[in-house]
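Here chain A shows up in two complexes: once beside chain B, once beside chain C.
Entry: the complex of A and B
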């Protein structure tokens, strides 16, 4: 850990500088009310999602379609060292200090005015970590006087916000079994909640809650049918009900015992219903023919009581998944009016290519529609939102073939999904969702000769390919009431960064080519772009300080895309890695 | 700037002023010169985050060889309580090191989702998190021409960066069963009424849950490894275990108090019921492969290789290639 105290510019209000904070040793505590109001507050960003519901909508209008061309960089901060790879974080801002995480489980506090480092903390990672999909971290949580983040060896770390000193470190799961934490944790009323990524075959996805102050375990909730959840009372584990009621309802044999479903992306919070909305990963083993049944609650969205981990409702997007369509993508709460009444809805854009609007009070399916151009695995959704499977779209059972390469199946979308982890945004002004999506497909076939750990194996081969010659990424503006695509912006490389929208009628997102871009939220016209020097796969934020509006984003190409070859590799092979935090502002003289 | 220039610049700037390796006094002047080169190339590998890709001369000059072994994989390779490398592949690795006159160093490999991935992570490229760490030779790599020359959708050879050589064992699938619970000839069909165990995410797990129209599916119990499956059979949880024959023989010897036996079962529908096991080196380091192959070939022909298997309670089965030349001894 390194620490340094920058010399702030004394020309600006002394009380707002990081130097002053360091000296006064009195940073303002972040309260749950701060977090509940984060989407309404303009001078700080204290939650992942710019609001606990994850809408990523700022009410700021200072920066808008008329003046965004005057947006300019004011500072940049290098993550340093030799470690680069994917930077998928969303920064947080509180009292003039920015908290940002980086690859290899690192975190910094930076003076939000100057970009000077206040402190750095680097987790000491063991040699044996095996994260599946790059060494990314997707952001921190702040609460009280602490900042929290998860590490690649599946620990939660609580640091003092002012000094970066360790307050506690909690082992959440065993990294040697392949577990890791890359998602931003969420704090709900003093409870620090996280899922865990990965895990060798034989592991069941679980959600964990800890006391944010002490790190004490509060509850656990396995997401696969048949497993007991627990609450902890005075350090004792007390049974709190079996997920799904009992074992073996939707899984054959003993397969529920190792069903997968890792909730690796974390969740968001709906204050109206006091609910954590979180998604679950795909089921194990990968061959869907071996586990006939729905395999609950894999590839699902869960509504969870944050007080004890009970499941209030579930919605499964891909029953009996055979395409690696994790169901982890964010569920965003929003209200809309229909026939004079307010609908309390929640929306999610799944890897499987469908967009779902659910009633967030009970999980009932309101409507769903494809947002991807082409979907081959299902012909549509029935009235309950369940997919109508296309039998020809399911990969064959490798156990059925003797010697020949099995028939190759073309599946749209590819296993990386019509939309992956990178979060969409919802504008309260336009009523549209802005979805960072990708048009790609995969060939899947049974491998005639395949080996694993010195033994013959029944493997499947797959390659990922662009669906079109000239673009993969598509930023889409979609109306959740009609399914209409209002506008789209195509990008040559796959989109892997998050989206933000503002009351200034703007939509921001980054591209692997290195640009942070701004679009007109109504028309989709591209209004501004800045090349950050490496691919942008992080998520932008905006806030104001001293009456000026700022925008920040991390830059650094990586993540899962470059780890998969196929024809997509051709598109991205010349992108260089990086590790830089960029901050822009609209100078006062250009604001109206 | 080329790699050599980089090294000389770095050396001149004091980055590589490393002490000579201990024991240098036992080496000839020429070898010492080479040893310095080797030390340099390893240090620069760390600095440049490149794999230490060592050819035969570099291996000999360094005085050690990194033998790639799958971890936690009895009877083939595992660590004992003192952390020492044990098992059949570890002993063959020691014999290779002794034959080259260098020190044996185990390089532990955590198996990935496929052999191709293991070869990339452990031999040819290095894992992206540990790009400087690779084995010189990897053990227990299937020797299969179809696999070696497999092509991807664009016609490229998938495994072109490694060469697979030196078959030293024939492996096959089988079932071990509890003769106290199953009588008469034991076949797959015997497990319609009785439970059978398999390791997660292996061909036996896939095969047993799919074969015979899924009739066995509900009776399959999945375990972390074959050792756990045998422990479950000893508890009476399953009446049989399907796994590689070498693993089964190893665990049969661990349970002498039980009447566990091999079924010599046949598995309709499995295209590769038997396969040969060999080794792999980087494609550019064939010379190292030839030196290693010569040592293993001699051990196989002289019988010392078979002795290693027998010392681990396995019946030695020659790979196809030797069985044709020498005649199967089983």
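Entry: the complex of A and C
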């Protein structure tokens, strides 16, 4: 037990000190009810997404547009070491303790009052890990007396929340084939559910569920047509149906066997329909001429039964994807009224530049519209939400030319997407989605390729360029009922951090330039900013302790942009790396 | 709460009686012939204040006089001449940053010898304390000269990009004694970096617990906890006396990363 007494307790009220000590002695178990109510609860954050539906909306009004200029840092915590790479985590808070993950599969428990470390755990990673897009981790899950996170060698670790001791560790998939876990796992009623990354290496995207208490495997669901799903009964794998019914319906030959589709970003949960909503990655290889057909269920959104992993419905945003438009982006459940009736909807902003509103009860397409300024690969969406392809927008088939390399095309948006992994937020007050997006394009061409285990399986070359001279990032407020862009805030560097909104009429997000910023949710006016010292590509949270409202965010530039950003390097090359957890609060005297 | 009062009073009485009637063992700590500065401190830390302690020449520690390799120093604790039943063996290296090496508790087996290689940070006395069935600690000591640095040098594993391929491999065997005694000698080496956490940017990653189980009955023969002083790729030797030796022994190891390593030897 490495629990430490906070030294900085002189700075806090005596009653709080006593409370914190009492709590550190006996942390309360996190129940599924805690998670189901996380979006209503203000004194803790126990889910990735600040609510299982992932709206990232806090009902707190203590901090608001009138006083946000008084928001100030109260402590910062360094992740230490030489491992200062991209920090894409969202912290969790329970009983005065913050749980936060960092680059290279590390996790810390920190005193939320003082920033003092309680424990830390560093996964011992093999040298051969193959994360495509930096050594990031996007957050943990807490349930019962444990905290869970995934590692870059594709394992899940369960740690005791109080001591940080490993309770169990489970190999989810083979890292040597290209698997990795970077997303936060989700716990749905005692089941710990995760996807895996590795679509660039031709793995078959699969969703896995484990018993959160014991680590026993419960079910698996491959997301590519033709692969068998299993449920585990008394340790025995029992067949639970082939994904998509049978092989070869939407894939030519045996291409489905290395079909990609990695669900690398994890999912969110809709309690109304008891459904895991999760996205799937690009099909493999990138060269789409090798796999004519829709290539189900790559670049899709899936509604999964969390009890056995069966697929309830799917919506494919980019059939026969030839641009690396992974369909992994978060699907956020929300209700809205139309013609006097409540629509149970779910919304998602895709890498491919379109925003989709779906009926979350059956997956039916309600409407869709571009949120990116320019889209060249499709002319629009038909009445079912299927893209109307622009034939000239697809890179040429290398088989059509004598050269090894097919004809190159300019494609908008770039493969890093009009919006990437960084989650948007939905305000129940304004009815708007706040989308962290980017305006960039790519030159892309196709090449022949064949599969080899653990090797990149692309069959494409590419380079990214900014679409405009003066900005790449655009924070957008978008009305899901009309598609109208209500306001936008442009940023020189690409936006790579998540967004949070509050009932205080605020929208928060970070920038690679190092700022955590707050905006007026209605007007988009920039109200506050603080330079954290390195790029902010994590996702902020807010909560209250002892009547004061706090905001936390991790800082540390990295992620896919510096690795894959091509010509964007001109904008970002001087950004320094970091690894710091910042916590701010509105002092009591400024709260009205 | 009031209900507790009479009981706690009675306890105090009992304690007082015990103090009056039993001649108090004046836990006089014997002098250390090696005059180690850590003698009293480590005795109190690992055996507890007021423990009954004596030197014993039946706890025989075998180690080289000079540690050629400060990261791999062989240590054998030979208890074949120990006249009492062994309850517990605690070994430590006086001047290491984390002195504790191992704590061994025999259960369904008698331990006659235990050996394990250790790291040494500077020239130091090495101790093994053996608790008998009267809770008396018998201490054996040996001094090892060393150039030092064994605890803060990076493991060879840390510079090997393929370490994960051999990680957790166990090489070992079970031997029967030539004299026909009941029991067996277990000798096993485990591939594990055993990183102490004292090298910059290499977090602690070591085996914390070892169990020996009778393979057929799963009865626990002995359990052992390890600390940071244990060497990379540790080599264990146990001379055990127990029933039904031919059925074989299962070695179970667990590290602080939650990895479980299981190996069946003999049988």
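Following the convention adopted for this analysis, the second predicted complex is superposed on the first by the 542 of 592 C-alpha atoms of A that agree within 3 Å, B and C clash if a C-alpha of one lies under 4 Å from a C-alpha of the other, contacts with A are read in each partner's own complex, and residues count from 1 in each chain.
In the analysis below, contacts are C-beta pairs under 8 Å (C-beta built on N, C-alpha and C of every residue); 3 or more make two chains touch, one makes a residue touch a chain.
Remember, it's a predicted structure, so these values are computed and weren't measured experimentally.
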| item | value |
| --- | --- |
| Partner chain in contact with A:82 - chain B first, chain C second, else both or neither | both |
| Touching partner for A:167 - first (chain B), second (chain C), both, neither | second |
| Chain B versus chain C as contact partner of A:127, first or second or both or neither | both |
| Contacts of A:157 with chain B and chain C, given as first, second, both or neither | second |
| Touching partner for A:342 - first (chain B), second (chain C), both, neither | neither |
| Chain B versus chain C as contact partner of A:399, first or second or both or neither | first |
| Partner chain in contact with A:451 - chain B first, chain C second, else both or neither | first |
| Intersection of the chain A residues that touch chain B with those that touch chain C | 82, 127-128 |
| Parts of chain B lying in touch with chain A, wherever the complex brings them together | 49, 70, 73, 76, 110-111, 113-115, 118, 128-130, 140-142, 144, 146-147, 150, 152-153, 171, 173, 200-203, 205-207, 209-211, 214, 217-222, 224, 244, 269-272, 275, 277 |
| Chain C-facing residues of chain A, complex | 81-83, 122-124, 126-128, 153, 157-158, 165-169 |
| Touch list for chain C against partner chain A, complex | 161-164, 167, 193, 195, 200-201, 203, 205, 256-259 |
| Contact set on chain A toward chain B in their complex | 82, 85, 127-131, 134-135, 200-202, 252-255, 257-258, 284-285, 287, 289-290, 292, 397-403, 443, 448-459, 463, 563 |
